[in-house]
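Before anything else, here is the set of structures, which you'll find just below.
Same chain, two partners: subunit A is paired with subunit B first, then with subunit C.
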Partner chain A sequence: MTMESEHPQDDAAAASDKLILSLHGLKKHFPIKEGALQRVVGQVRAVDGVSFDIRSGETVGLVGESGCGKTTLGRCVSGLTDPSDGAVYFNITEGDRDRVDALRDIPDEQRSEQEREELAALDEAHCINQLNEQARRHYRRNCQVVFQDAFASLNPRHLVNDIVGRPLQVYGEASGSELTTRTVQLLEQVGLGSQHLYRYPHQFSGGQRQRISIARALALNPELIILDEPTSALDVSVQAQILNLLHELQRERNLAYLFITHDLSVVRHMADRIVVMYLGKVVEAGRTQDIFERPQHPYTKALLAASPDLSDDTDTEIPTLEGTVPDPAHPPQGCRFHTRCPVATPACGWDVDDVVRGLENQENLFDGLSAVNRVSPFEAQLTFDNEASARALADTLHSNAISASMREALEEAVVRDRTINIRFNPAEEVELTERAPGHIAACVLDPAAR
Partner chain B sequence: MVDSPNTDQIYLQTRDSAWRVRAQRGWELTRTMLANPTTVIGLTIVVLLILMALSAPWITEPNTPDAYQMPRDWSAVRVPPGSPGHILGTTNRGGDVLYGVIWGARTSLKLSLMVVSLTVVIGVVIGSVAGFTGGRVDEVLMRIVDVFLSIPELIFALAIAAVLGPSFTNIILALVVVFWVKYARIMRSQIIRIKQSEYIDAARVIGDSKLRIYLRDILPNSFTPVMVQATLDMGNIVLVGATLSFIGLSEAGIAEWGVLVSEGQAGISAGRWWAPTFPGLMVFLWALAFNLVGDGLRDVFDPRTESAR
Partner chain C sequence: MMSEGAEKNPSKSPAPVVASVADLQVHFQSKRGIVHAVDGVSFDIHDGETLGLVGETGCGKSVTARSFLRLVPKPPGIDAGGSILFRPRTTCDACEGRGCESCHQTGRVSAGCSACSGKGCSECVQSGEETLDLMQVSNSRMRSLRGDRIAMIFQDPGKALNPALTIGSQIAEVFYQHRSAEVLDAANVDVSGIDPGSLLLKRQAAQQSRTIERTLLKIPPLRSRRNQITAAVDDMVADALAETQIANPRKIMQRYPHELSGGMRQRVMIAQALACNPDLLIADEPTTALDVTVQARILELIHELQQRRQTAVLYISHDLSLVRRICDRVAVMYAGRIVEISDADQIFQDPRHPYTRGLLAALPSATQSRGKLAAIEGTVPELVDPTPSCRFSGRCPNEVETCARFDPHLQSVGDEHSVACFIYHEPPEGSGGRPTLAARSS
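Presenting the complex of A and B:
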């Protein structure tokens, strides 16, 4: 163990352009099935086109509210689920990553024979879902996970000895007394000891269980550990201990972390870079300091405001987040955050669903609704039982009951007989743009205008 | 480093303590179970019945050539209980009722152990396949299980045994056909539940194989409901088996409680109550005792309370 911890410093320069992980347009959609025939009636777009890299020895914080797709992304990276689209690359140089990006951006049918072969070769060498057997083993050993619920991730019938020693057994690394020695070493590294070897998980406290979980993840000496909310189930005082432990282990072993959390304050002192996710998409990414000091995206600002110990050094005019994350099976158009964004503009993607979302709690407004004809997400005809109801809706749409930006985006709300035609100005999804070197955000608001 | 005496010492010491920990856990569960008086009653009867079955060749003179056949004492037909040499009396064909009671226990033990072990294996295999493969295979298998479960056990076993013809082996066959389904269903639902637990994900992440995950994580964690059902079935199988024998689907003349009740029932109207009563009582005791123990186990292993231990 001491041997391994000595050379990373020397190799640092050589390894600096090595990416432990590179996500390319990663998507994971879960089919929604209904009825006896289990017909697919929709898709939960849990992760919807995510790209970012993790360097060797680096910590990337993946932040977003619950339901934004963080766990799903972690499961795709660790190989527990296959992505629906896009790819995860492991152990790839920046040069090769750029080549992959370029090749993947060419539509399938337009790739030449040669380009196709080149991409296939890169995929076989680095894409975790297409690795050859030997590379697969290498990846499997080098990417480990610490789950959110330590209790659930430890088999209740196994002793700590079996749990922590198991990875070593699987790869035939140790057996008999050597296995015990190495298991004890691992336990000692996480602050436990040989007196804990022969106990069941339920005999430990929450923090100790998470330590056991970390010891298991360390056993194979991985290069990357995915930490899925490793502290969110713990008491605050215990949280700090676990964070310190993770920090120390990283220093000793040149580990890279993908640190998933819904709480920005947790990753403040841990992460080198932060990726902010909202409804399956990256809305902002950059160096930790930049994210905390110059957040670009209103969602990031709201998250900072929501974090009690951080709120004083951010824009106090930004109110905390209201409501909950919308259903990822029907993400809002344009900027997905526009339904909750305190500074949304008319160009942010207001759509027909927002009419219903925004006016749902208005009494009787939709009572006489008899038919809906959707032309596009931005245009629909709503037919009511009588003309008065249609007029009432039209009046509401022109009143203060809906936000000024939404009213401005509304191109048309005309009543003909019992039918109202609603049409919004169509909007594209908002692209990520570079705001400063290495700092990207997806928001129509121009930072220079502020 | 590997062979330093210190390491070996820790290894041996701790291996020792692993067994102590496991034994202690077993003892704790046993103690919880023994805190329930009805379980204790059931367990006591079960132990006595099994002791009786096991010691049959020593506490009675085994009949020759086949000890499982009732010995016939034609010089003492229909004698009442308390007669010399026939403490519980004899049947109208000179069969010693005590011999039937004791060797009947042995027959019952043989029958129930055989049927339970066969059905557990069949059910666990089929349930595992259904739970793991899912999709059409699962659908077809579970449709079959549902059909089987919709027919009352006794009627179903009776129909099969009747088709196969009267013999002890056919009763075993009929019981196996009827009793495997519950294990398949239990096993399938356990697998579907456990497959989703995070400790399975954890095992996949370290790269363990499907087979080893099945053997190390899934089987041990689905063991208790199977064991509870098996204990209950140890009783139910004897009850259904005796009923089939009583109807005449077994071989006449063997030392089996149902056969004895059937042999003795004609004498009831003439006041010869002992020939059917004692074996009938044994069937009742056997089924009751195993059900009490099964219920006790179920309480101890209740998933809602078990994790707290």
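Presenting the complex of A and C:
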């Protein structure tokens, strides 16, 4: 992976825009624990290696289906959870960012002593979970979050006055009558007023509550606000009000937004750049216009096609995706989307798990399965109770029950006694490659080659 | 149901009306006064059509839908008036359900009115068809309609399915409840005879049996019959699940709801709702809890099944772009009233009511520049003891004095297109003037 492709916004954003946040190979894995001893038996890979930058004054849209890790990513960026691997850098210069990229690309054991020290120094200065207390406070006040559910994110026992004024109090920005004046100013900015100061959250409508959340986020004049589905609980007419307000505030204060949403029409309207996630990985990123007009990844295409739009022709059929999102604890090899991809090729990384995924709906095929010996993700021996079951599976693997590209990727399905040996062509994970300036996608299909 | 009244009624418009809501009013008792949640809603649903009911949160669309099945809790709900006339259908005699001229290719015709045998009387509103006022019918009749003639798909399949029962037993319930005769027939159990076991089996099939009866059914000769019945019902359930394109239904039947994904659960809900081939399907935001890619497949499925069975669908949603895709007609609700009802194409090409216009303009789109979305200012009014005025006054860009003093009613503005707004029809005498679209500030 080249440096440029990792950070497509280098070209997209004007050079004058200050870098606010840089994600480098961010991973968040949640352990699956089992048994009395709570032994870790697996990892749910919620976020699995995500890199992108956010600059001042821009809106980055993060889209994907539920369970793709977009909210977890938001929580890692805002410092609410610590990432398992990778890092989020704050307030870093372009030069330092490039240096970090270069250093982190070197495998750990190959780094020289000097390089190690350099990276540690950079991490300590900029990496959000290694900052010292003072720097961490500085980061916290510059990175605010507006949550999806304004019912749950406002304390029902506190007055609006307390909720919006609290950040100012905590950071010692204001007190006494000045605090009230500042709070009223904030409320006025979001379209509320001093008459709302002494009310409880339950006395407001959904839209007003979201405004209070926004006022609270604005209190300390942050550089970045993470908006986690800010309008998904709201009606369209109220959504329009909130989106207008967010845009207004961004223009006035040169705010950067990380806009997490599943609603493509909202993200198209709001975002400058879009990052599309699938199963914890970025599958495509680029400028909004490029993504919507020239989507490169089949998943982006499917997502765009599936979301209804007023300008659509009503007679055309909605193209649909087969299957469901695979379990993030056992993500597919290669391109993670290949199990549902309409244009999958033999090189997409078909593996042994796909046999089960694709055929588990077939009646009684795996009923006699007694043992599995997994050599690698691409090779395994499945032992059945009797030879007939093993033969049945082998026959199915050579039939039309599985997709043609999967059959092609299948190197071997040999039955020996009661055991069937299944081996697939191994495939590497698909890297993000640059498709156009500032537009990257992770797909084995290259449009230039077609 | 009677079959002699099953001949067609040629004077009707293309498809006969399955249900007609007239001036429905459902109010709620609250501490602050009476909330007029649904306040004079009228519309018709024709056989085989999809009627979209759109509106914002709290506009009364769900209450309207739930009133069909009398699922509004009372108290606090109050039936303040109006009626929902429902005309159950039976299989067309002429074509035996295959679809012919006389039944508009639906394969089903209305049952005849039992009081006047098709001549038309006050009970059937002169239609000669069996007509039930869903607000008035007895509880036992209502129970026999629910899930059989009128079915509902709920918004959140995770909550609507019983977590303690397997998928199979939840769907089987529908068959036991409404199709016990067919079940016994399929299981080759003779109910007409004097077999003492048959009565027990029938009672068990309809889930009416007591502990002692269930104990009796464990006696070997009866048990084998019971197993026959279970096998017959399992077949029916598997067929119902297979209809909704669930692969390997036999396996899914043994699973519990939590083992399935959201899309699969919604499919189970659909299978359950369509198990008895209802005349009217009420879909209350069936895809709100689902992802767009799954949503597309569920919509396609509902549409396909509806085409095949010619079921009338009342589709409730807040998503206008979705409604445009799947509905034949659209009714826009605001604050307990229908403000505009028309053909789907018409309403999206030529919206008349200022609220409909506002809703459409508020949808974010690529063409609008950022920060310039046409938001509808203000919030939905509280519906506690409302005064006679246009409910949209206060938020309407075209408002004049008249709007705050008089109540507009739905009136036709053209081909099957009705709007409740003074812009399109004369306000009553002594009003302060008539609003115009030109008064729009934007």
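Rule of thumb we're sticking to: the second predicted complex is superposed on the first by the 421 of 450 C-alpha atoms of A that agree within 3 Å, B and C clash if a C-alpha of one lies under 4 Å from a C-alpha of the other, contacts with A are read in each partner's own complex, and residues count from 1 in each chain.
Basically, a contact is a pair of C-beta atoms (placed from the backbone, for glycine too) under 8 Å apart; a residue touches a chain by one contact, two chains touch by 3 or more.
Here the structure is a predicted model, which is why all the values come from computation and not from measurement.
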Checklist entry - When the two structures are overlaid on chain A, which partner does A:F292 contact: first (subunit B), second (subunit C), both, or neither? => result second
Checklist entry - Once the shared chain is lined up, is A:R407 touching subunit B (first), subunit C (second), both, or neither of them? => result neither
Next on the checklist: Between subunit B and subunit C, whom does A:G207 touch in the aligned arrangement: first, second, both, or neither?
Outcome noted: second
Next on the checklist: Contact-wise, after the overlay, does A:Q241 reach subunit B, subunit C, both or neither (first, second, both, neither)?
Outcome noted: second
Item to check | On subunit A, the residue positions that both subunit B and subunit C contact, one per complex | outcome: none
Next on the checklist: With touch defined as at the start, can you tell me which subunit B residues reach subunit A in the complex?
Outcome noted: 1-2, 7-8, 10-12, 14-15, 17-18, 20-22, 25, 197-199, 201-208, 212, 216-217, 220-221, 307-309
Checklist entry - For subunit A, which residues are in contact with subunit B within the complex? => result 75, 78-80, 137, 140-141, 143-145, 147, 149, 152-159, 161, 166-167, 170-171, 176-178, 180-181, 184, 194, 197-200, 202, 213, 216, 219-220
Checklist outcome for this item: Residue positions on subunit A within touch of subunit C in the complex are 65-66, 205-208, 235-241, 243-244, 247-248, 251, 262, 264-266, 268-270, 292, 302-303, 305-312, 314, 317-321, 324, 360-363
Checklist entry - Which bits of subunit C are touching subunit A when the two form their complex? => result 56-57, 247-248, 250-251, 261, 263-264, 291-297, 299-300, 318-322, 324-325, 344-345, 348, 358-366, 368, 370-377, 379-380
